[in-house]
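Across the two complexes that follow, subunit A remains constant while its partner is subunit B and subsequently subunit C.
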Partner chain A sequence: MITPGRALAIVGLLAIAVWPLAVQDVFLQRVGALVLLAAISASAWNLLGGYAGQVSVGHALYFGIGAYAGLVVYTEWGWPPIAGAPLGVAVSATLAIVVGLPTFRLRGHYFSMATIAAAELARILAANWPLLGAAVGLMGPPRPRTIADLSFTSPVPYHYLFLAVLLALLGLTALMQRSRMGYYLAAIRGGDRAARSLGVPVLRYKLYALLLSASFTSIAGTLYAVMVGFVDPDSVLGILVSVKMIIIAALGGAGTLYGPLVGATILIPLEETTNALLGGGGTGITYIIYGAIIVFVARFQPGGVAALWRHAAAWRARRAARGTHAA
Partner chain B sequence: MLLDADDIAMVFGGFRAVDGASLSVEEGGIIGLIGPNGAGKSTFFNCLAGDLLPTEGRIRFAGSDVTRATPEAHARLGMARTFQVPVTFEDMSVADNVMVGAFLRHRHRAAARRAADEVLAFTGLDRLADSRAGSLGTPGRKRLEIARALATEPKLLLLDEALAGLTPAEIRTAIELVRRIKARGITIVIVEHIVEVILTLAERAVVFHQGKVIAHGAPREVVEDPAVVAAYLGHHMKRMRQ
Partner chain C sequence: MILLQVVVSGLLMGAVYALFSSGLTLIWGMMNVVNFAHGDFVMLAMYAAFFAFTLLHLGPVWFVPIAAMLLFALGVIVYLGLVRHVARGPMLAQILGTFGLALVLRYAAFWAFTADFVSLPENLVGGTFDLGGIRIQASRLLAGVVALVITLGMHLLLTCTALGSRLLAVAEDRNAAMLMGIRPDRMQALAWGLGGASTGIAGALIALFFYIAPTVGESLTLIGFVVVCLGGFGSVPGALIAGLAIGVIEALSAYLIGGVYQDVVVYALFLAVLWVRPQGLLGTT
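Up next, the complex of A and B:
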């Protein structure tokens, strides 16, 4: 059935699909690709932070592992960076279990703080580890050797690569949402104690959500490294990487399928425009925007843009009901 | 015996909230746990449900030792419960709350949906199925907790003060629901501090006082027991009666 929500989703995804062909400006094309990349990592965060309600502020850990994995396979073995994706996923999944088992016993703010600690530990480790280029970081191939390096001057190929990954992730999320796992994650978000009393193996499902979430965050990190061709500890493991995922998901609507994509569509153009207008000296403005968004979402609409849409749908339903009543 | 709790003690620091209490529950029937506030009923109840690990004693349920089993293992074995203060999943619809319970026995969504619909109709919540659980009042939430617990298809249902805070009319409909649950062959243990509820509902009553079981038997006889009267009214009142 074509509901207004589904129609909007189809129109939105079509607009995203034709965007780089419709605009010829390289800056706008690049913004489009960055929106999709941010949407991938925020959607991955959303699996754990949104659906299961376990607010991780340390997802930079997995993003950074994916990004470093992409460039380490190049610097060590000369492989194309994208070949680092499976390595990043394997390391991220292993660390997810190591970090998840002890921290999932913590609740609320304590869980969030423990995830920050894990990511900061990784950042400090990377900044002192020669294999990872220490504080200087790692560079990708200076010029493309083969097509497998996925090194393009135009943002358009990246746009379609990111779109394919995002669609796969959203498809998987939609399937999960309708399955037992989707209900169990929502129950965990509603309250551990009640969920367990109904037979939900809470720890096991939190780990499932984290494994999925960490794996896709790691893939987003590898894609970032492939496109940007350079990583250093602050740009991929810094706390702002984690905070950005949360802000994007919360702005669009945490725990909803399209929320992170909507949030990325708002935040990334804003951020890129201020950076472009104000130049290098204007990067501080980004933090002011982040702060302002946190305050506004928390104060006025904790459900994000998705909640505004739901309110509008409820209003339409009420109006329709009144209409039939009068007739 | 469906449930056998033997010599349970629960110690918090130096305080023995439950102090050597035993309870045996046969299949079928409704058993009431009563006692004044602070008698240790709820603590004992949480030991039975696996929410608290008792300091001493053993609990057997449906043929397995569940003393150290997790709450989710209890649910799988067929023990369901409600909470003294309802903890429904506020952001989910009433139907989806019940679906969470139904998924325990039904792996697939369509089968879980059918089971949930049946429970919603049985508990009279079908008209509210699409409402947000957080929009319900206390009676609705208590009923939803019972529905969610029934959806796990339990052998034994533990009700923790399921009638507290309800008006007399709401208590009557709740009592009627508990009777219909019993008629489905589900054994019920109900904790209540309103003695009248136990008198009308339970076939057997167990009285708690200061962490111990001080009387058990038919409800009418139990409430006449001098020790029970003393526990509820205090020794002062007992002397006045004499």
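Up next, the complex of A and C:
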């Protein structure tokens, strides 16, 4: 059945698919690609933070691992950066188990604080590790050697690469949502103890959600490194990297399929525009706006845009019911 | 002898950590809400002291009362405007609320005061003492002693006064406190005010000997978390002991393995404690 929600999703995805062809301006094309990249990492965060309700403030850990993996395989062995993706996923998954297993015993705020500390630990270690270029960071290939380097001057190829990854992730999320795992995660979000009393294997499913979430966050990191060609500790492991994923997901609607994409479509153009208008000094303003937005979302509408949409749908339904009643 | 000097300077810094962490632990114990902007409150207090000196030409005696009053007001405003509403909402809203506030404060400071490091003149609280071979800066000694006294004062306020009993009653059981004629909302606003004031005093004290920058709040927030977790949530004496311990551990690791790794040691310790004893070293339940 075509509901208004589904119709909107189809129109939106079609618009995203033709965007780089419809606009010829390179700035706008680049914004489009960045929206998709941000949507990938926020959707990956959403698996754990939204669906399972475990608010990680340290996902920069996995993003940074993916980004560094991409450029380390280049600087050490001369491989194309994208070949670092499996390495990044392997390291992220391992760390997810090492960090996740003990951390999942913690509830609520304690979990969030532990994830911040783990990510900050990784940032400081990366900033002092010569293999990772220490505080200076790593550079990718200065000019493309083969097509495998995926180094293009136009943002358009990146747009379609990111779109493919995002669709795969959203497809997987939609499947998960309808599977046993989706219901288990919803129960876990409602409360550990209640879920356990219903017979949900809480620890195991939290770990599944984290593994999936960390792997895709790591892939997003590798894609970032491929596109930008440069990583340093602050740009990929800084606390703001984690915060951005949360803000984007929460603004759109945490724990909903399209929420992160909606959030990215609102916030990334805003960020790129303020940066372009205000230059280097704009970074500060961008984060003031970011902060103000999440304070407002938290204060007035914790469900984000998705909750507004649900309210609107409920209102339409009520009006329709009243209409038929009157007729 | 150098080792002893390192330990003493760690203890003095630790007393300041204990002071602002006691505010964090009070808020936490009262309403089970974490203030992710706590370190940024300290940062604002440091700027308050700096501008009291450069713009108003006031002496160091004024820094503590001015910063304490400003941050008390900020704490109450944040409670009434934001925290009161998100505290009843989902966990994500609680975290986002104070985290967003931290971003706004940090980058507003960035924008208003620029990213440049500033500091108060070094000789403002002059000189260096020589105590039996241990050399201590007067400013650090003053900061440590004042912080220690005020943290103990906070403990006495909570345990020995009627007001403290009312605060603890709300922390214990909101509804029962209401039945006893206590207004929980007022008490929680007061807890946020006291939490703010603790950061105000701590910030004014740190400003005497430390550089001031918009980003300094981030690591202070984390140190606050570490201290509160170690000391047990809601316990002021716990925060005092844990604060002193963290100060010493930080100073020792900076001395023994190098300044860049002092945070690594503290954060790793934090994770280890969360994993082994999530209720804190001194906590019960």
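Everything that follows uses one rule, which is that the second predicted complex is superposed on the first by the 327 of 327 C-alpha atoms of A that agree within 3 Å, B and C clash if a C-alpha of one lies under 4 Å from a C-alpha of the other, contacts with A are read in each partner's own complex, and residues count from 1 in each chain.
Quick note on the criterion: a contact is a pair of C-beta atoms (placed from the backbone, for glycine too) under 8 Å apart; a residue touches a chain by one contact, two chains touch by 3 or more.
It should be emphasised that the depicted structure is a prediction, and the values quoted were computed from it without experimental measurement.
*Asks:* A:Val226 in the overlay: touching subunit B, subunit C, both, or neither? Say first, second, both or neither.
*Replies:* So A:Val226 meets neither subunit B nor subunit C here.
*Asks:* With the two structures laid over each other on chain A, which partner does A:Ala52 touch: subunit B (first), subunit C (second), both, or neither?
*Replies:* neither
*Asks:* If you count the residues of subunit A that each partner touches, which comes out higher, subunit B or subunit C?
*Replies:* Comparing touch counts on subunit A for subunit B and subunit C gives C.
*Asks:* Touch test for A:Ser112: subunit B only (first), subunit C only (second), both, or neither?
*Replies:* second
*Asks:* So in the superposed three-chain picture, is A:Ala187 touching just subunit B, just subunit C, both, or none of them (first/second/both/neither)?
*Replies:* first
*Asks:* First (subunit B), second (subunit C), both or neither: which does A:Leu198 touch?
*Replies:* The first partner, subunit B, only.
*Asks:* In the superposed arrangement, does A:Ala209 touch subunit B (first), subunit C (second), both or neither?
*Replies:* neither
*Asks:* After superposition on the shared chain, which partner residues are touched by A:Ile293: those of subunit B (first), subunit C (second), both, or neither?
*Replies:* second
*Asks:* Need the overlap of the two footprints on subunit A, from subunit B and from subunit C, as residue ranges.
*Replies:* Touching subunit B and subunit C on subunit A: no residues.
*Asks:* For a test of understanding, state which residues of subunit A touch subunit B in their complex under the given definition.
*Replies:* 178-180, 183-184, 186-187, 189-191, 193-202
*Asks:* Where on subunit A is subunit C touching in the complex?
*Replies:* So the residues of subunit A touching subunit C come out as 49, 53, 55, 57, 102-103, 105-106, 108-110, 112-114, 116-118, 120-121, 124-125, 127-128, 239, 243, 246-247, 250, 254, 281, 284-285, 287-288, 290-295, 297-299, 302.
*Asks:* Taking the complex as given, what residues does subunit B use to touch subunit A?
*Replies:* Per the stated touch rule, the residues are 49, 51, 70-72, 74-76, 80-81, 83, 87-92, 96, 99-101, 103-104, 107, 109, 112, 148-149, 151-152.
*Asks:* For subunit C, which residues count as touching subunit A in their complex?
*Replies:* 32, 34, 82, 85-86, 89-97, 99-108, 110-111, 218, 222, 225-226, 229, 260-261, 263-264, 267-268, 270-271, 274-275, 278
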